Amino acid sequence: MEGQVDETVTTDAGAGHVPHSRGALDRDEREIKDEVLRMGSRVELQIGTAIRAFVGRDLALAETVIGGDAEINEMQRAVTDLIATTIATQAPVARDLRFLLALNHVASELERIGDHAVGVAKQVRRLPDGPPVPAAVELARMGELAASLVGGILATLVDADSEAARVVAAGDDEIDHGYGRVFVAALDEMRSNPNAVERGMRTVLVAHWLERIGDRVTNIAEDVVHLATGRVEDLNP
Amino acid sequence: MSAFSPARPVARFEPAVMRRKFTGTLFYGACLAAIGLLLLTLVALLVDVFVRAAPWLDVGFLTGVPSSRPARAGILPAMVGTFEIGIIVGVLTFPIGVAAAIYLAEYASDSRLNRLLQTNISNLAGVPSIIYGILGLALFVRALAMGPTILAAALTLSLLILPVVIIASIEALKAVPQAQREGAYALGASRWQMVSRSVLPAAAPGIMTGIILAMARAIGEAAPLILIGAFTFVTFLPNPISGQYTVLPIQIYGWAQRPQADFQGISAAAIVVVLGLMLVLNGLALIVRVRLSRHIQW
Amino acid sequence: MIDREIAADPAEFGDVIELQDVSCWYGSFRAVRNIDISIARQRITALIGPSGCGKSTLIRTMNRMNDLVPSYRAEGRVLFESQDLFAPGVDPVAVRRRVGMVFQKPNPFPKSVYDNVAFGPRINGFKGNMDELVEHSLRRAALWDDVKDKLNQSGMALSGGQQQRLCIARTIAVEPEVILMDEPCSALDPRSTLQIEELMAELKRDYTIVIVTHNMQQAARASDTTIFMTMGDDRAGYVVEEGDTIQIFTNPKHRLTEDYVSGRFG
């Protein structure tokens, strides 16, 4: 495990040093982790669906995203309750405690990411009829990337792989660039066509949500690094 | 309320509750019978003695001197003799016995020699008292030429009860928990301070009780004193370092040997006095124990 | 949360006790080996580890209480205020006044409360106002209010928590510099335990405290520094890690320490 000295200080295994697991605590931790991963999968799905709804102007799809957020909020509440109960009853310290605190924060970030997906879906409701939105292809790409980042970062959570977490976090840069490109494209369109202003504004909003999703993925990556090494690193320079 | 019915049939146990209760009751009955027998015997003895003694117990009896006529006989010299011996025995055995016990319990290491020593002392406590009489005769009366005096008697009886006092004191000292010693040491006490200010006060009830009871035994002894030369007919008050003396047990012995019923009577009266003395001493032991252990709770 | 503030001038803090390559033997059995630790002044240091790893042996070496065990022998240097406690001329009786000890099971003397507290000063030749000293000690041990009307009653008639505070009061009556505590709360109920922990936080202003404890939460709550020991294959105890309590319980350096504080071994 990173950040810890290997037991080469002494060659003996030590009398009575057979590590035994803490059954109840380990079960609680597994359950919490599974619930967070389930939550992450749902959020990943929400993002993909929301951006497809926006690009394809599919109102019905957007409504399923908006309706599906309630379940994500419920899952986050359940995770927090579970964590509070585990802390109260098992008195975890060191790595166990960092794990629980990290997952609590991850669940909270996932819930907000879910809210961002809803933000995207709500723009579909208000989008006026007309031609396709500017930089639609770019947007779709950004959306897919955001969804895959969420999936990716949750994969690193499973084994607390801080190296992989850093790699995923680096993918945020691509989203930031995408945001820049969409912004410019929308601006151009709005400058040349006053009728396109509302369409352009809403497009920028959607890109903004996606960019925020990228930032939150980076936050989650910082949690994974802290869990693995016990150190706090800023992956959002 | 219904009887307990288990969900599964209890096939593996045969409680036989009735049989076990019966056995228990039988045992309880046997214990009651034993104590009943004992009490009965004791009561019968006491009643017999008191009935015989009643007509003879009066102030004159307590303050008079022995006489060939029972009606005029008294036990004053015997009582004085008993008291004098009792005091000397107490004064001698207390410091020697307690000091020996402190050494063995607190200072001596747990070596084979010391364990042997303690075993020997235990054995000495069981030696018949007449053997001590022989020792006293040879050593104090003859070799040290003290003659048949109260001093010689007191020294002999001291030797008799010294092992008992030592053993009782050692037990009392060992009963003090080790935590008390550690507590004293942890405050910067030297070994002697720890013993004298922590262990000894804590063991005091046991030690005092042991001494008082041992003294009660000593003044009830007749056999060794007969050997050393206590008289059965002494009409004057004895002088401790010279001359003749008697003690209550010997006086009783002397009177009881006479066939006349009257002598049996005054013998019984003297027995009652001795019983009274024993009662007082045991009561004293109890009071001392309670008073000294008022703080102790282990 | 117990106050963990550190004095404004850390340079004031030297180590009041230092163990250099200390090994302790009972006859031919080595109980602890090659211990190198230091106890910081006016802080609370907790000694934790599984049963039988030598924590009690170690703490009893610091005030030479182990001398009472005939087969005991210590190697290495045990420095108290830079003086070797095991140097030839050193009298253990003098050491124990300056390094006091409170035991696992409260052991008040079967004497009055007053006499319990006065015992130490009397044997150490105290010449001053005993009444004042007794009251002061009982106040510092947070026991005065409970017993001020009952000074003549038996010390053994107090409750468990009160008895332990009485033992603390009589220990501080001789004005030691260090107070060693060998699992002082393990025989007490939770409320008394917390009272004693708060008392310790108060006492550390004036005394250095070393506490052996099996209670992980207590070590985490109450101490500034934690030393983790365990038993090797040769059944001798050794120190695995020594460090700031917060660090030991949030992010320890050694895997063994991590496992132990998480309750995954021992």
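Chains: A, B and C, in written order; residue numbering restarts at 1 for each.
The rule we apply is simple: a contact is a pair of C-beta atoms (placed from the backbone, for glycine too) under 8 Å apart; a residue touches a chain by one contact, two chains touch by 3 or more.
Model, not experiment: these values are computed from the prediction.
Asker: Under the touch criterion given at the top, what is the topological distance in steps from chain B to chain C?
Answerer: 1
Asker: What's the chain with its C-alpha centre farthest out from chain A?
Answerer: Result for max centroid distance from chain A is chain B.
Asker: Which chain's mean C-alpha position is nearest the mean C-alpha position of the whole protein set?
Answerer: C
Asker: Could you state the distance in Å from the CA-based centre of chain A to that of chain C?
Answerer: Using C-alpha averages as centres, the distance is 50 Å.
Asker: At what distance in angstrom does the C-alpha mean of chain B lie from that of chain A?
Answerer: Centres of chain A and chain B (C-alpha means) sit 90 Å apart.
Asker: Can you tell me which positions in chain B touch chain C when the two form their complex?
Answerer: Interface residues on the chain B side: 109, 177, 179-190, 193, 197-198, 201-202, 293-298.
Asker: Give the list of chain A residues in touch with chain C in this complex.
Answerer: 1, 3-7, 9-10, 12-22, 25, 91-98, 230
Asker: Per the contact definition, I'd like the list of chain C residues that touch chain B in the complex.
Answerer: Within the complex, chain C contacts chain B at residues 63, 65, 68, 70, 93-94, 96-98, 100-103, 105, 107-112, 119-120, 122-124, 154-157, 167, 170-171, 174.
Asker: Which residues, counting only chain C, touch chain A once they are in their complex?
Answerer: Listed in rising order, the residues of chain C that touch chain A are 50, 216-217, 220, 230-235, 238, 240, 249-256, 258-259, 261-266.
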